[in-house]
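The structure appears right after this line, and notes come after that.
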Amino acid sequence: MVRTPPVVWRSRVHRYRLVGSKCKSCGEVYYPKIFSCPCGGEAEEVELPKVGRLISYSVVYAVDEESRDRSPVIVGLIDLGVTRLVGEIVDVTPEEVKSGMHVEAVFRRIGEAGERGVIVYGLKFRPVM
Amino acid sequence: MFVTRVAMEKVDRHYEKGVRELAAGVARKALEGVDGVDYVIVASSLSYLQEPQLDLGAHLASALGLKGTRALNVEAGEASGLAAAEMASALLKGKASRVLVVGVDKLTNFPSAETYAHLSLLYDESISTYSSGFGSVAGILMRLYMERYGVDRLTMAHWPALMHSNAKHNPYAMLRFAIAPEKVLEAMPMADPITLMDSFPLGDGAAAVLLESKPRDALAELVAVESAVGPASVAWSEDPLFIEPLALAFNRLSERYQVGEVDLVELHDSFTITALMVLESMGLEERGKAAEAVASGRFSPNGELPVNPSGGLKARGHPIGATGVYQLAEVALQLAGSFPGLKVEGAKRGLAVSVNGFGSSAYVAYLRGVL
Amino acid sequence: MFVTRVAMEKVDRHYEKGVRELAAGVARKALEGVDGVDYVIVASSLSYLQEPQLDLGAHLASALGLKGTRALNVEAGEASGLAAAEMASALLKGKASRVLVVGVDKLTNFPSAETYAHLSLLYDESISTYSSGFGSVAGILMRLYMERYGVDRLTMAHWPALMHSNAKHNPYAMLRFAIAPEKVLEAMPMADPITLMDSFPLGDGAAAVLLESKPRDALAELVAVESAVGPASVAWSEDPLFIEPLALAFNRLSERYQVGEVDLVELHDSFTITALMVLESMGLEERGKAAEAVASGRFSPNGELPVNPSGGLKARGHPIGATGVYQLAEVALQLAGSFPGLKVEGAKRGLAVSVNGFGSSAYVAYLRGVL
Amino acid sequence: MVRTPPVVWRSRVHRYRLVGSKCKSCGEVYYPKIFSCPCGGEAEEVELPKVGRLISYSVVYAVDEESRDRSPVIVGLIDLGVTRLVGEIVDVTPEEVKSGMHVEAVFRRIGEAGERGVIVYGLKFRPVM
């Protein structure tokens, strides 16, 4: 696969700190990162809020080879207020997870990158009690 | 421009054939008795990851003995086939008078979990980075649709049931058996609420269409192809259930043609939810009503607007970069009255519709009969 | 059509930037102050194997905020850049009035032995199947040239020496240092008689050109792009040292334009031998005489016909799918008198020439000054 | 890399038996295989001669990862009379190999295909004494 160490390395900031883009002109926030806003404004990096609400989710059984040992994986569309993002939901069972739940970011192992076994970490989301 | 010849390979697990053999097979069929072409455009996406050949178009054209022709490859993910047709259309308005578009992709060179990883590269990086499966966004959107519009799972299951029922008659379809809506719910969960029966089977395929500037012996007129780029991530969409670029591409055609009044559509149903989103984004059905309309028979072969008489991506199959070319071939054959599966009698106008992912790009091709 | 804006990234090991960042950088520079484009065409080849994104053009356009534009990817191996320009040219004769062509490729995501394996996929399967290295055919051809025409190794070494001497002045070149021809012979053997100094360095790069149908503020006119498919394997060539499709593409232009009387050429020199074959196949030098002509200064900046004032693939660098876009940008800047490296004073007409491998496909672009 | 078992399997006949294509109309022979001849004729499979003459060669040091243990690899353009091909030359040192040499096909290990370690065999060429 194509997630070689340089590729993993380059995406680390965005996975570690949940960094998105904010338009300097209209203030719109994006994740993943953009280069320019449709309004024409330039984008700057911005750290995203670490709490949000689950808009919808899926319990995924047909995962990539790298995620097989943790299948099923719960993936959700999360509303962070300033923007939305698609992220993984952890510490909850498929039976407990519900649209509308409040979630918060936690730092977790994502997997290994390809044949070289670089261990990848990043932020996932868990329900807020 | 005109579609004068088409050729399709049955979508299937063609273990004995590589990308090159599949592509050559349909290309040769489409070119039988034809005295050369100006361009060969290969539409392909996953093949870059699955087959050991770059500059495939030229290598293919060369091995086909097409001396002196020009060749290149066009990629736009799941919309590659119609993207190639859009380029062919531009060439045919200029110096070219005959362009062969060959769509091809193989999904069976790798174990399926590895193919899933390749498929996730069609989406934005938030899917591929987390290795959470290419169906995850579809699952999220399907649940959102059901919860927002209060549609139950069984109603949603009428789409795959309709596709299977249509595909039974199509000799080029991969899945030629009927299924009851209830069976869709009982299938293996893939990305819950999506089951394996809501998504396309992993199959290999190739299709070719010969496009010419002159109408001699044409099956159909390819009036125009339009496209647009959309939000690369569903998280950016104002409404994730609405495919903005598809609405835009469709509007671009509407400004010039009566594309709202067609007799059949071959559209992109990578998942059950995609089909509904496509129908609603093009305004072919009201927002939130497509699932029920499918269940009520509106898009069935004898309904108001027959959709995917081929069986669609769901049952004909979805060899990623080739799918748009299958759709063009199918619509052209329908308009010529010679589709070898379920016929839409008297069809005079048709659309082929492709989307990559859930709208990083969208393409609509408009075809008219010549009879 | 006209080249109105260009932007280039220095070819280098850009470990901190991915394909997307490199492409976005030049695209933003080329689009500064421009009010939207009709199409974004991404020219790229190895990136399919090196970066985790399909439908890259649309994802890139979306992240650039180019709402409503159209985008796709064109691939033709090492000739991808000019293939994209050929498609842009067709679009600009039709409905488009502004097309952005972005060439990009990264060669440093993998260890070099793995990149060599990727590069061998540009050639026919006899090279990739045997894992014998992407330089093997070049080595065979170089020896054949030297033995057939009785040219010694030192004479051949004047090509890389000239390229390095030119690149010293080009701020976008990867290798900005002079080398004596003797040093080429002393370098590490790569595919003997080829040494590492006969081939391009593995570097990442991106370049963009904005093409418009109207001449306002143009740097140069892109008069036409022509191409042809050739024998996919050198084993099929009547004469393996002659690039048939290049002769054909060049002749197609000659029938309409005075392309034999240009003031500068940026051409494909993936290896020393490729440069000589390109010069001879286009008839810019007699068969078997190009090596001596190079040594005699005929193609030097102050010679009869300046070739590769940029430093060429050899010293500017060769980010596979991006190279043709660099060449277009360089020729356009030369014709506008604003190339930031070695200037060809008073140049009015120029060519950009790309080949994949040793002729699976070949492209020639003809540009004219507008001053 | 992309040489998965199915890809290796599909090319076995051509690597094992040196099978090329012959045009049914004009008789021209091609290797690797073609589908149709530029003359318009259909192609059929044909087994190629197993002896030929070395037109030119290269001693390759910059080989793929899979071939590293046998570097340098000698690769040659071989004239088989009915056609030419690019193939590997074995059982000869870089000092001994010469353009014009007569060579014959021999069956040898080519390498392993990718991560899965499928061992690949095929024909190479050695000097005829």
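Things worth noting here:
A, B, C and D label the chains in the order they appear, each numbered from 1.
Methods note: contacts are C-beta pairs under 8 Å (C-beta built on N, C-alpha and C of every residue); 3 or more make two chains touch, one makes a residue touch a chain.
None of the values given here were measured: they were computed from a predicted structure.
The minimal number of chain-to-chain contact steps leading from chain A to chain C is 1. If you take chain B and chain C together, the chains in touch with both are A, D. Set against one another, A-B and B-D show the most C-beta pairs in contact at A-B. Centroids built from CA atoms put chain D at 29 Å from chain C. In this assembly, the C-alpha centroid of chain B lies 39 Å from the C-alpha centroid of chain D.
With centres set at the average Cα position, the gap from chain A to chain D is 48 Å. With touch defined as above, residues shared between interfaces to two or more other chains in chain C number as follows: 49, 52, 62-63, 66-67, 121, 124-125, 128-129, 236.
With touch defined as above, residues shared between interfaces to two or more other chains in chain A number as follows: 1-3, 32.
This structure has the following touching chain pairs: A-B, A-C, B-C, B-D, C-D. Interface of chain A with chain B (complex): residues 1-3, 11, 15, 30-32, 55-68, 72-73, 75-77, 83-88, 94, 99, 110-111, 122. Per the touch definition, chain D reaches chain B in the complex via residues 1-4, 6-7, 9-10, 32-41. Only residues 49, 111-114, 116-117, 120-121, 124-144, 147, 188-194, 196, 233-236, 240 of chain C touch chain D when the two sit together in their complex.
Residues 40, 45-46, 48-49, 52-59, 61-63, 66-79, 83, 86-87, 89-91, 93-96, 121-122, 124-125, 128-129, 227-232, 236, 248, 356-357, 360-361 of chain C are the ones touching chain B in the complex.
Against chain D, the residues of chain B that register as touching in their complex are 15-18, 21, 24, 28, 49-52, 62-67, 108-110.
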